[in-house]
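Encoded as structure tokens, here's the structure I'll be asking about.
In order of appearance the chains are A, B, C and D, and numbering begins at 1 in each one.
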Amino acid sequence: MIETRNFKEIIDQYKVIFFDAFGVIKNYEGLVPGVDRTLDYLEEQKKKYYIVTNDASRSPLQLAQGFHKMGLHAVREDCVISSGMLAKEYLDLKVHDGIVAYLGTPNSAHYIESSGLHTLPVGAVDETNINQVNALVLLDDEGYDWFKDLNKAVNLLRRRNIPCIVANTDGSYPLNANEISIAIGGIASMLESIVGKRFIRFGKPDSQMFMFAYDLVRESFPGVGKKDILMIGDTLTTDILGGNKFGLDTMLVFTGNTLQRDAELRINSLGIVPTYCCESAVV
Amino acid sequence: MIETRNFKEIIDQYKVIFFDAFGVIKNYEGLVPGVDRTLDYLEEQKKKYYIVTNDASRSPLQLAQGFHKMGLHAVREDCVISSGMLAKEYLDLKVHDGIVAYLGTPNSAHYIESSGLHTLPVGAVDETNINQVNALVLLDDEGYDWFKDLNKAVNLLRRRNIPCIVANTDGSYPLNANEISIAIGGIASMLESIVGKRFIRFGKPDSQMFMFAYDLVRESFPGVGKKDILMIGDTLTTDILGGNKFGLDTMLVFTGNTLQRDAELRINSLGIVPTYCCESAVV
Amino acid sequence: MIETRNFKEIIDQYKVIFFDAFGVIKNYEGLVPGVDRTLDYLEEQKKKYYIVTNDASRSPLQLAQGFHKMGLHAVREDCVISSGMLAKEYLDLKVHDGIVAYLGTPNSAHYIESSGLHTLPVGAVDETNINQVNALVLLDDEGYDWFKDLNKAVNLLRRRNIPCIVANTDGSYPLNANEISIAIGGIASMLESIVGKRFIRFGKPDSQMFMFAYDLVRESFPGVGKKDILMIGDTLTTDILGGNKFGLDTMLVFTGNTLQRDAELRINSLGIVPTYCCESAVV
Amino acid sequence: MIETRNFKEIIDQYKVIFFDAFGVIKNYEGLVPGVDRTLDYLEEQKKKYYIVTNDASRSPLQLAQGFHKMGLHAVREDCVISSGMLAKEYLDLKVHDGIVAYLGTPNSAHYIESSGLHTLPVGAVDETNINQVNALVLLDDEGYDWFKDLNKAVNLLRRRNIPCIVANTDGSYPLNANEISIAIGGIASMLESIVGKRFIRFGKPDSQMFMFAYDLVRESFPGVGKKDILMIGDTLTTDILGGNKFGLDTMLVFTGNTLQRDAELRINSLGIVPTYCCESAVV
């Protein structure tokens, strides 16, 4: 079984910490016990932290409020970096007018609206508006009828040559201790293969996610470089692979997708090596 | 534009014809006009033919009855070879007892039942019966709630180490002149990638489909070899690739998935070359 | 650790045995000790056996002679089924004249020649003969200059729209206890992805390999059905997956690619379940 | 045929231009005629430009010198951004000591050496040094024996759990008007699939390449944002997809991989839409 290190001794070496949310800060049962002490400790030590999450179902404000409800009052909106923010930036820069069709909840869509654009659930696309649809965004696995609306999304992409943006690359997510759910990233791969077009994906392990966070760090913390940042995650193929590639030191914790008893085998078989392994992100 | 050949002169050179169904014999509007004359001509000439179709939504009898309703009375049940028949053979040989869970209509499931096995829609799998489930079969894209039952299928495959049989490999199928529908083969690829297990697929271009038809040919028509059989289809990646690989001569027709104006480009870019191209399978 | 069964008790239940060669009958050190007693026992019991191997580097006669040199004198040429035989059948049926270019040793090419065809190493293709080249066959990873001839093969496939046949689907093979070698199947995937065309692959787990053997069984052993045949192999993704899909009972042995200590994990993670597990194919 | 726009009118709208090198500035015949006037015009207009290239075979200085030899004297070393620079940054940040084994020319390796690291061709890895090897970098398709060294690289990655960095993601590159060559990115995919580990890839369309260039822009040209930058390239799947995803406006030119007569079809089938199409990057 892989050896774990002392969490506190490690974070003491860094100026900025990036946390994955699900499996590190919280899981399906609520907060990971003790993680509030970690955030308090970081505040005391004047260290900066960001929560870097593949989540496009809610806005950063709503994500922060979700942490507050769980009792993690320290998390501010501007500490949350979500893949939905990248989708929003893309739309701001690249889609100047018309309609953005979406798969997701109305809540997830509200956040990505911007001046000149309005959003419409795929289910409401029809002959009167289809020619104004200038992008399709895949936000969440909930909020629509899969059979009806996934088929409609396929035909929309065949009829209109528009970008399809995937705002969360995860293929599945844990629902409880035993069950998982198909995530929008898994649905996206099916749609992409059926229409044969190249979708635009945002979310870890893609570097754009880390770059977005790194830009915020540099703005508010001049002089901090990649060597000063530690990425903490529970998933080798997103958090650790992406962090490593971006040039960050990385820590794998065992409170989520990766169990300590499987860690060595998975690290060896995937060839994705974290800088450190710790039981949890708890001081 | 690719040159087409005279259909009648070509089929005169073969003793047995394999037809794909959708896009060759029929399409979303009904029978391909004139195709009844082709079957009559083959009967007159004492040539044998089979309809070799990636379809697991109905039994061969029901598929034959479907042709009758469209006015193609010549088609007998024993001339229809479906990928559902291969799924049924697999279950007969490899699954000896217990429950076969399925995604599809009750109709599609009825056909694959056999002595010792009973079928159950995935939606009806629960704690009282899950330990008796010894296989999962993906039959059709209709007959269930995608959101609820696709997630349930994922968790069934995570909990029980059972074979998952995909009885139709097509990723999509044409719904009308402009629209397509996601087929069970497309759904299967999503589930397979999420659970990370290897599914068992039946249907063109896989050779087992052609072998099943070829075995029937040899039984009832001794002395006929692969050189005497022509495979006619509208899809390069299933009918033509599979027929070529099995060692048959192949004919591409332009009444379905492949348009004459695109044929040359697609043949060159895929490297799948039919022996002949004809406008349609009409004498 | 997965439980193993008594080998002799299992084979007593079957009339015909299919053996994989590498990892079951022999490995890089020579014969698997005791396997000669197994073949003698099968002869005594009047059971039929075939060696079903992904190997296109030599003819069945040469493969049989190879077993003789190792001391396994019982193996006759007509008991050896190789993926090279399928490549040869394809060429006999589908390529009627001209040149078959190949990557492999001259030895591997000699076997696939047939009336009307002659073979030429890819390295000898030039402006004087390129227009006569009607197929490319990938036979072996040895016998040519990888840098020069793999690049030449890519450009041949871009210039001539001809079928590319892969006569061995394995991506790699064991060289000794610690090292592996890239096999022609691995090279084929690289070439296929670069030229963007669909290659034709022969070899387990593809059913055509099993069908070829099954046809021989039925000819010489009338009345034998799939239920009477056991496939024995060391590799889940080729021998066991292919055997299962073809409807055969399957046995995994631990003298090759799969170690007993890893078997349970690999069976569960791949979802490929052998009917039996035995230490070796030794009575 | 797709309509093209006037090049000069378009670049007048942007403050910074990113050029792909191969197929835009130069091709296998030398400079694209007239492209020197474009760079002169940009200098006159006080616009900044960068050459953003998937090339790890030489250092930025050597790449700039290559342009000088072709007569493009304006190109300075600090205007050249190569995927090799990202590989170097990765090694600087993540590999602190030991040996970096490489596949490529000695020239390509020299550039990535840094304090504490030394480089060694894969062919020179042996029992005396293998335990000091802490990374493998794939730099170029030339400079080694493919058969011997690709097999050696596979076994190195099986024995040592080290990162494998791919410093150029292209699968192939044009050699002359009719022929292509397998590039190191194509070789990398084969090795990755054989060893089953996840490699780290740098190069367009990955965002890290654009971010590296964008960081330089922001340092030397404060106030410039993504809206002020135009990415010009000849390849939809790297230059245009990557530029679009990063939020830049993009221009496809027809002096390289994409021909004007194919452009519309490829744009539609891939779903990768450039902001503009121009015949060439020539004012």
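Definition applied: contacts are C-beta pairs under 8 Å (C-beta built on N, C-alpha and C of every residue); 3 or more make two chains touch, one makes a residue touch a chain.
A quick note: this is a predicted structure, and the numbers were derived from the prediction, not measured.
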Partner chains that chain C and chain D have in common: none
Per Cα centroids, the chain farthest from chain A: C
Centre-of-Cα separation between chain C and chain B, whole angstrom: 28
Centre-of-Cα separation between chain C and chain A, whole angstrom: 44
Chain A residues counted as touching two or more neighbouring chains: none
Chain A - residues contacting chain D, complex: 89-90, 93-94, 157, 161-164, 195-200, 206-208, 211, 226-227, 237, 241, 244-248, 267-273
For the chain D and chain C complex, residues of the former touching the latter: 141, 145-147, 150-151, 154-155, 158-159, 171-172, 178-182, 186-187, 189-190, 193-194
